[in-house]
Structure formats: C-alpha cells, structure tokens
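Order of writing sets the chain letters: A, B, C and D. Residues in each chain are counted from 1.
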Amino acid sequence: MSGSRRSFNSDNVAPVAPEVMAALARVNHGTCHSYGDDPETRRLTDLARETFECDLVIHPVATGTAANALALSSVVPPYGGVFCHRIAHINTDECGAPEFFSGGAKLLALDGAAGKISAAQLAAPVAHAREMGVHHVVPGAVSVSQATEWGTVYTREELTALAAAAHEHGLVVHMDGARFANAVAHLGCTAAEASWKCGVDVLSFGATKNGALAAEAVIFFRGELAREFELRRKRAGHLWSKQRYLSAQLNACLEGGLWQRNARHANALATRLSQGLARHGLRCVQAVEANEVFVALPAPLIAALRSQGFEFYEWPAPPGIELPVVRLVTAYDMQAADIDGFLDAIAMHATHAAR
Amino acid sequence: MSGSRRSFNSDNVAPVAPEVMAALARVNHGTCHSYGDDPETRRLTDLARETFECDLVIHPVATGTAANALALSSVVPPYGGVFCHRIAHINTDECGAPEFFSGGAKLLALDGAAGKISAAQLAAPVAHAREMGVHHVVPGAVSVSQATEWGTVYTREELTALAAAAHEHGLVVHMDGARFANAVAHLGCTAAEASWKCGVDVLSFGATKNGALAAEAVIFFRGELAREFELRRKRAGHLWSKQRYLSAQLNACLEGGLWQRNARHANALATRLSQGLARHGLRCVQAVEANEVFVALPAPLIAALRSQGFEFYEWPAPPGIELPVVRLVTAYDMQAADIDGFLDAIAMHATHAAR
Amino acid sequence: MSGSRRSFNSDNVAPVAPEVMAALARVNHGTCHSYGDDPETRRLTDLARETFECDLVIHPVATGTAANALALSSVVPPYGGVFCHRIAHINTDECGAPEFFSGGAKLLALDGAAGKISAAQLAAPVAHAREMGVHHVVPGAVSVSQATEWGTVYTREELTALAAAAHEHGLVVHMDGARFANAVAHLGCTAAEASWKCGVDVLSFGATKNGALAAEAVIFFRGELAREFELRRKRAGHLWSKQRYLSAQLNACLEGGLWQRNARHANALATRLSQGLARHGLRCVQAVEANEVFVALPAPLIAALRSQGFEFYEWPAPPGIELPVVRLVTAYDMQAADIDGFLDAIAMHATHAAR
Amino acid sequence: MSGSRRSFNSDNVAPVAPEVMAALARVNHGTCHSYGDDPETRRLTDLARETFECDLVIHPVATGTAANALALSSVVPPYGGVFCHRIAHINTDECGAPEFFSGGAKLLALDGAAGKISAAQLAAPVAHAREMGVHHVVPGAVSVSQATEWGTVYTREELTALAAAAHEHGLVVHMDGARFANAVAHLGCTAAEASWKCGVDVLSFGATKNGALAAEAVIFFRGELAREFELRRKRAGHLWSKQRYLSAQLNACLEGGLWQRNARHANALATRLSQGLARHGLRCVQAVEANEVFVALPAPLIAALRSQGFEFYEWPAPPGIELPVVRLVTAYDMQAADIDGFLDAIAMHATHAAR
C-alpha cells in the first residue's frame, strides 16, 4: 500500500507490528466470554501492574480520542474545565470530543514554549474561576500531552511540579500519552517514574502509533476515579464484544518490553533525521526528543521533496520562524535507509540548487 | 479459550473467521494514509454498492452500539424521538447510547408480538406528538431490529408497510442489522430487497457477530442523511487512524458472499437445534428464523445443563410462559456436533429424569 | 384578556395573585446585589425552613420544567435512569428536558392506576438493571408527581412505602410538586408530613399554578444533593440577575399560608364541580382529590360547551372509558359562579337534548 | 434595599422601571392562553417589527444567558464552533451555557483591542478548520457583544465588515445585545441600522439591564434560523406558562421608545462620570461609549471609596496598565447626584491625600 517513498505523515500510517499480529492469531481460537470477561483482559491488568509497578485500573479502547475523552469525562463534570496547552490534541484535533463526552465541559487553553504548560500558569486562572463562582466553569483537571504536540518531552521535574500545583488546586492530572512510549524512551526512566510517581492520576496509554492495530488504554492510578468509566465506555459504544482482540494487542506491546523497543527505535531514527538535517544547515524548530521532527524548510525544497513522492504535513510555524515548517514523524517500522533516502533527496536538491 | 462445551451465550463469543484474519494479514504491509483515505476503505464502498445494488454512503465503525447511536444521531435532533420496540437493543442494552449521541433524544417504545412493531402503531403517537407541539419531542425516526431481539425476522411485506407509514409521517427508517446477515439468509432475498427496496434509509450492518473481529458499518441509502456522520464519528472517538484494518474486515465478509455463507450456516444450526428440542417436547417460545433459539426449559434441566458446562442466558419470558426461558445462540463457527452434544445432554437428562 | 366564559384549560391561565403583585411592588426600590445575594432570597430560605420545619436548601427558578430537570440532573448521572409514571409530566410534556439537562439519562416509565406508581414496582426493574451491568442505565431516582397527572393524591402511606423501597434500592426520591400545594391541602397535613417525613429527598415546589407570576423552587432536604445545583442552574440560564423578584413571589406565597389558602380554594371548587357533574350523571374517571376534574362527556355535550365559549382540553381516556374524557382545571382565582356557570350550561344542554 | 451609597456593581442591581411595573399590573387580569398564545406576545412581534423595520421572529426569555445559549444552539451544531472575543460574556461568564445548550460546540476565542474582533481575524482560523476536516469543529457562527465587555461599541462599519466576512465564510452572525440599547443610543442610529442592516442574523436583545424585571428576547432576522427555537426553549425550561408577563415587560420597553430613553440616560451618566474622573486625572482604560466606565485607580483610593460604601468590581487590567482597574456601571435609574457623589468622594480623597 505504500508508495515508493516512505511517508513521514504520521506514525499511524505504519502497519501493525508482527508481534501484535501474532498475538491476534494466537488468541483466535475457541469461544470466550465477551465484553472483557476474558483471559487476555485479565492478563492486561496483570501486565500493566507489573509495568507500572503499582495497583491500577486499566481499560482498553480502540482510539486515542476515545481514551482521552472517556478519561476526561470520568474526572470532570459538565460544568467543569480542563487546563491544557492551546495546541493540545484534545483542543485542536478531536472535533470537540472532550466537550461531547463530558456534556459540555470547557477546555481552558494555556500557552507555553515547546508545547508545555507549567505549574506557575495554574494559580491565576484557578483563582479567577473561584472568584467568579457559578459564572465560571469549575477547573477540574489538567491535561498534558507527553510527548507534546511539538515532539518535546516534559522532564520529570517539570511534570512533578505541574502535578503538585494541580493537586494543590484540587485538579486531577491527566496525561495524553498517545506517544507515552516515546516519552519514556527519551526519559530513560521506568513507566512508573514517568507517570504516577510524577503525580499523574489518569493516563491515556497509546499503542496504535507504536505498532498496535487499534488499541489504547485508559489507566487510572487512583482507582476511585475509575468508578464511572465502564458505564461511560459502554454508553459511548467503545466496549468491544470480542475484547480479547483489543487486550491482546496491548499485551503484545507490554510483554517483553516491545513498547519500549519500538519507541526507542523510532526515537533513534528521529535523532538520526534531525542530525542529518543539521548537517544540511536545516534548523529544527523544536528540540527533537521523541519521534517527531519539526523543521523549517525553504518552499522550493518542500516542493522538490513532494515531487519525489515524500509525504509530510506542513505545520503552523512557531513565532519568529519565517520559513514554512514541516513535521516529519518516524515510526517503529522505519529503517535507517528510509531516513537516509530522505536526507539524500535533500542533499541532491542542495547540490542541484547550488549549481 | 473455550471450555469443553460449546457456549450458547451469544454469537459474539465466537472467534474471528479465518477469511477475516487472512484479510488483516494481507493488508498488513507498508504505509497507507490514515483515517479512511486508503484503498481498503474505497474498496468497501465499491463492494457495498455491488452488494446492495445501489448508490450509498458507507462508514465502518468497530461496534454495533456505535453504529446504531451514530446513525440515529445523524437523523434525529436532540429534541427528537425514535420509535422502537420496547425490547430493542437500543432501548435496553446500550446504556443510553442513543440518548448520549443524540444529545438527549427520546426512545418511544412500542410493544408488539415477536419483537416486531407494525405500521399501524405509528399513527396515534405521531398525531399525539404533533398535537402536543413544543411540549413533546418531535418524532424523527423508526428503528427496527432485523433480525429482531426474539430471533424472528420481519417479512419484506411487514417492513415495506412499516417504512411506508414511517415515511408518510416524515420519519426516517433505521434498521439495527446486528444480525442483518441472518435475516437476509432467512428471507432468501437480496441485500437490496431486504433493505432499501423495503424503505430502509439507514442500516447498521453488523459483521462482528458473523465472523469479524470488530466491524460494523453504517450504510446510508439516502446520501443527504450522511452529511454529518463523519464529524460525529470523529467526535465520538470512532474514527480509526488505521482504518484499513476496519474496512478490510468488512471487505472479507462481503467478498464472495462470506457474510451470507456464515449466516446461512448459523441459521441452519439454529433450525437443527429447535427441531431437536421439539423432538424432546421442548417448546420454542418464538419462531426460529435466524440464529437464536428461545426455549422454555424446566429449571432442573437448566441446572443440569449448566452443571455439565453448557453456557446460555436466561431471558425474560413472554406472557403466558411459566417455565424459565433461555436463549441459545448459534454462530458461524459452530458445528453440527456442538448442537448434537447439547441435544444429547438433554436426552440424557430426560432419560435420567424418567427413571 | 379573558373571554366571557371562564377557561378550564389549566391553572396557568390564571393571573397573578394580588399578594404576589404587591410583593413585587414592595421590593421594587433601590439597588440590591444580583444573582441571589439579596434579602428576599435569604428570607426565602428562612420561610421555607419554617414551612417545612427542617433544615433544607432552596433555590428558586422560573418554570416547573426547569425545576424538575435541574433537580433530576443534580441527582442522576448521564448514564442513569429515573423511574416515573408513564404519564408523568417529565416523561410526556417537557420535550425531553430531563434528558437534556442530565446529559441523556433515561426515564424508565412504569404504569399504575390513578397516575401512581407503587413500591412493589421497583424491585424487578432495579434487579434487572443490576444484572445487566454496564449494558443498562443505572437506576438513580424515582420521581413522583404530587398531585398526580390524573389529579389524584398519593396518601402519605403510599409515599412512605414508595420512598422506603426507593431508598433501599439506593434511589433518590424526587417529587414533582407543580401542584404540591393542592396535594397538601387535600392531605390536610403539614408540608413536612407531605414531603421529607415521607422520604422525599428533593421537591420541585410549584407556585406558578397557584398564584405566582413565574416562580417555582427546588428544595433539597438532603443538603449534599444540592452541591452542584447552583452551577447547573447558571449554566442552564436559570439564574436571574434580579433574583429578588423571583424570591419575593415565593415569599408572598409562603408568608401567612397564602399557598395553602389558594390551594384549598381551588380544590374546593374542583369538588364543587365534580359533585355538580355527578348530579347530571356525568362520571369522573378519576378520584377528584386536587384541583383537576377528569370527566367523560358525550361528544355533543363537548361541542355544545365549546360553542358557548368554554375552554378545556380533551385527555387520553383511561382503559374502559368509551366517551371522550376532558380535563377541567380549577384555580385559586376562580369563583363558585364560574363553576356554576359551567354546570348550568350542562343542565341547559341536558334539558335541550331531552326534548 | 440599597445602602446609602449608590452601587456601581452592575446595571442589574437596579430595580424595575415604573413603566415595566405598570405594564405587569395592566396585564394582570383575567385568564389568557398560556405558553405564548396571548395578546401581549402577539403585540411583541408587532412592536419588534416596527422597531426593527423588518419581518422577524422574536421569542422572549427571562435571562441573557438563556437568550445567548438558545440562539447559538439554534444555529450551530454540536460539532460546530463559534468565534467570539476571548472576554465575551458567553466565553467567560456563563458557566459553559453555550457548550451545554449546543451539545458541546466549541467557542473559538479571538483577541482584539477594545473588546472587539475584526473581519480580518476570521479567514485564517476558518481556513485552518476546513483543512483539518473532521478533526476540527466546524466554524458555524461569529458572536459579537454589542456594546462590548469593555463598554465600547462596534461602529456600523466595523460590524458590516465583520458580518460580510462571516457570511462569506458561511458563518451565522450572532449579536449578544445585553446592552444593545446602550450601543444603539451611542451610535445614534436606528435599531435596524445597528443590527440586520449591518448583517446581524440573530440578536439577543437585552432588557433586564435596562429596566425590565427579567426579560430578554431572541430575534431572528432570518426566519429559517428560528425553526428549532421553540422546541429548544421548551426543552430548556425557558418557556413560561404565563408568558404574557414576559412579553409585557418587553412591550413596555419598546413602546414609546423607553428602551432608548433609558439607555441614553445611562450612557449620559457614564460620560458624566468619565469626564469627572478625567478632571481628577484618572484615566479610563477604554473609550466610554455605553454605560460602563473602566478606570485605573490607585489602590488607596479604591480602599477609601469602598470604606465609604461605594460598590464596584475590580476588573482584569488590560496590558500596560499597572494600577488596578475597576468597572463602574451606570443604569437607567441613576441620577446625576449619584455620579457627583462618587466624584465628590474622589475629590475629597485627593484633597486629603494631597495634604
């Protein structure tokens, strides 16, 4: 299904990892109870508890938008508000899913460099909301994207400070971890250290972009927050009858650390790519810390690359960048040759342009 | 994953059909555009048009609840009402999904023998709603389950009359076809004759219970009704990034008529089962027209079967039936031996009880 | 604004009681804080506590639909269910307001003679819902209309038994008291005895039909249920900036027992009317216990009365009644002469018809 | 109910205008049909058509939040977006009412000097939304506050340009006219010239802040947009049974131009106030064009004024203003002496501070 050139559009253009396909085949025999009362789903809880080294409640769903919106609607009332970065996926790319699932809660957008929000930004709007009383939505949660939408990664210190401030203000801390695997790989820490040990209360744990077919999980580190989840999931049509095939995907990712191997691979290729771009004097507009590279390119170069069949998206440029910015996403299944082919095309264009 | 005895709990306890697994493997190479801009999804539209012999809009989703709720919310406003049978899945088994997706529309439950509603039942409540003006929700649709929740099948004449009455009253006709395949197999007609030729406007076409992993489709026979669908699907978290794996399942079902072969097989086993039960003097409380058998059994027999490892659900008995009623569901992957094993266990119990 | 004949359409066709108009004039001077931080609203709490002889939380709103829907949405989650009579105002006359305010909760309609539901009806559907788990909405409340939609009144024994059963099942007890005043007048007990002493947790206390301009109150007898109310009220546009004018209406009703005087008056006229009808051999199809009379009338008599300018609504006849049924509502401002005029018209028709 | 000092908190602390009280008394006799089928409501349509010199659909409600949220939900789908200024009342002061009524639509906040947004700001976000397809909410409307939240007034040229751009992008133009009367008084034009002649499609016409008890109206200048309104109003509990008392308030405001007399009076007092402040060297941080004065005051002066019983709110200061900013709102019932008393207190403080 691919063209001759590897697409850099997104990590979700990649196929399913062989280990995940094998897991689907392995569970595909005989009958089993539907709606999650199956061995694979029980195994998922066990594996997640091992991986995160704590007690937790985990529920699988098929998409990241569902994971985020179900998680948020479980912890924020209809008259509530969720702080997030202005460019957070939940705020810009989910067609209002958090508002829909929550019954009309409001996303309270904050700005911040590198796609990050910080502890210091919460106090003023929380105080304002309190002062406004019933006229203002009630701040109920903070949602951070990890890795961020700019491909950067919150340090554990940043996260810990943000979560501490959030908790002080009575807010639940949600993490949109569509690329949590890549963030953990970058941080070089454990899953626990990257989540609940920093103060994360609810995590949308992504697997689809990291080799699964369609599988994400909502993980509650505070069990009492999970009370409503299963009802909301069913009501939203996100409870699978044949749930073994959902859990099996996640199990394949967690077992033996595939999720980390895949993420490290994708991250390494992003680093390779950014270093190659630097050799051509091309400037990444954000630190490359996960599997996304945002680089400012001259328009003719963009056109040339596209004409050769390379695919990628233009992205709104951050302030101060005049050239168009493109996003290049690496994935678990890419090869060094895919990166080098792209860099070669740039080199060729440079040579050509220099003549 | 199965016990030694075949489960009759539901057709969703079955594994995925080999043809569907093969299709997943076949599409699992290379990159392709995400969110439905892929060859499998385009092929799905083609196959559906061939199968239904008409122009149509088709969108895949992973669950039947999502298909029904998204379909209904596309055609009924928040202040609208949907006529359905009191025991319709949308009314009793989806945790309020239609209400959630539609923003609070109301299901207007009707009674009727064999799980069916009829044309004659619409006029009075529609007239009442009109008379009540703004005080009453506005009737917007009729939803029929085909096959019904009692395992019976609307005849084409019944459907045609119902749809004609609905249209006369300005109502959209939705069909919950979680077991549409089994209904068509029973009717012995074409997909077109069982749907739009009878007046169906929107169909939830089920595949999960018929061999898919997690795949249903919403089919709009009147394109203008589909206008909002893709936005509502995204917003509800039901748009898959790797949609090729959703469409491929449906394609495997449609290609070469697998959906009909599987359904005919399941239906035939249900007939075999009901005939076997009859030989033991056990009474089916509804006509067996699809792949579900509802039979009144003495409590000791139920206990005996369960103690031998057979699984099935008790069901609310229809009026006039004193014995407990159980539901026995056959599936595409069952064998005649599974049926006969169950019947043997009944025979053995009868012999035993007779001594 | 009236025609020459008094309308029996509803108690809401009546004007505002002079005492209420006087109260509006009395508070109409100077500035005061908006949004409920005013002396009239504080007085309302005091008066309500005196009237109901208990601690309570009371919030005024302008309409009965708002009172009911806000009350229910405060105590039932979006995935919840509310038991009520099939003909309850919330189920038939509010255009889906409870569904809207609650985010899609489901009304679970029960049948029952005289517009009443009974304790014994709860156990089976609650057990069914529990057994169905996430597939079924979670029963969260029972809502009773007092007086009922058939103009009857639950006895205190009936209410106490129903509320006890509800509490046993973990359900909150809501009372739609649009005509609570008339019910209390009929019961001849205190407000406390007719509400929380029977187990009512939340009461929609009606005043508009009993002499107010536009004023109802939601009264929480269990303060913890009121936690969200003010936010939901604001969010629904039901918080008045000039709230003194809302509270003043309710104060005028409560002060000096006007609400009971008005209700007793209306009830007495309904009794006078039903007795007069009986003298003409006309049969009330429900016990006349509040201010509504439902009577079966021959079609020619209905036509004759209408031609003379009398106004009233036809009502769906209860089973077994062949003649059309009409509803005749008396109000606080009616006079005996209004009743007698109506009865005279009937007498005249009878005489005429007898010739 | 007032203290000895006039409150500058808001125009909603004022009592009801005598003309409005008289109108309520005038309609308070006899019965009339409920739910808007009454002469006052018919008269309201006539008066509004005269006032706005066009055909239109008008519906009264009791609060501004209801007017705005019902208007927006009538013209924007749940998956839609509404452009508005970041400080728009709908975005900051209505506890998420637009999100609630619309089923989760998103407010798309724009910045802009003087509380205004401009035509040029729409193109980029509309283009971005289109490009994002189903991932982004669909821009459906622009909402402007007139007068703005900063007490400024869009010129007719500004409005015309904004509305033209909005229409070009397929957006409906909504005006939050809580202080529309003050804006028209400032513009010195007709109601028509200030609304539909500029391109406004739907207007929330405020009366409560301008002398009514609790009355606003939603006016649709394009009748087809009003199609759903009455159902949504009923469903939201905003349909009054005794609607004559709602319409009569608005009629009293419109008849004989009371709404303009009251607004001119309040505006003139605001001008008097701002001029007086200027004489004391106190700087208004926004042009004073309606009945609100935003002025930067030294903290000691604020404290001194408050200690003397003056009431007003602090407001978030615009960029570049170091002193605290307070909002002073004048109202239809204020007298020059109220203004002068405030200015005298400032003068006294200045004298005192100068010693």
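We take it that a residue touches a chain if its C-beta (ideal position, glycine included) is under 8 Å from a C-beta of that chain, and two chains touch if they have at least 3 such contacts.
On a predicted model such as this, the values are computed, not experimentally measured, just so you know.
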Select the interface copy of A-B from among C-D, B-C or A-D: the correct pair shares over half of its contact pairs, counted by residue number.
-> C-D
From the C-alpha centre of subunit B to that of subunit C, how far is it in Å?
-> 42
Cα centroid separation between subunit B and subunit D, in whole Å?
-> 52
Flagged in subunit B as touching 2+ other chains are 78-79, 94-96, 100, 103-104, 134-135, 231, 234-235, 239
Considering only which chains touch which, how would you classify the arrangement: line, ring, star, complete or other?
-> complete
Contact residues on subunit A for subunit B in the complex?
-> 1-2, 6-7, 9-10, 12-16, 21, 24-25, 27-34, 38-39, 61-70, 94-97, 100-101, 208-209, 213-214, 231, 234-242, 244-246
In the complex, subunit D residues that touch subunit B | 35, 77-79, 103-104, 134-135, 138, 228, 230-235, 239
Within the complex, which stretch of subunit C touches subunit B?
-> 78-79, 81, 92-96, 99-100, 102-107, 109, 128, 132, 134-137, 316
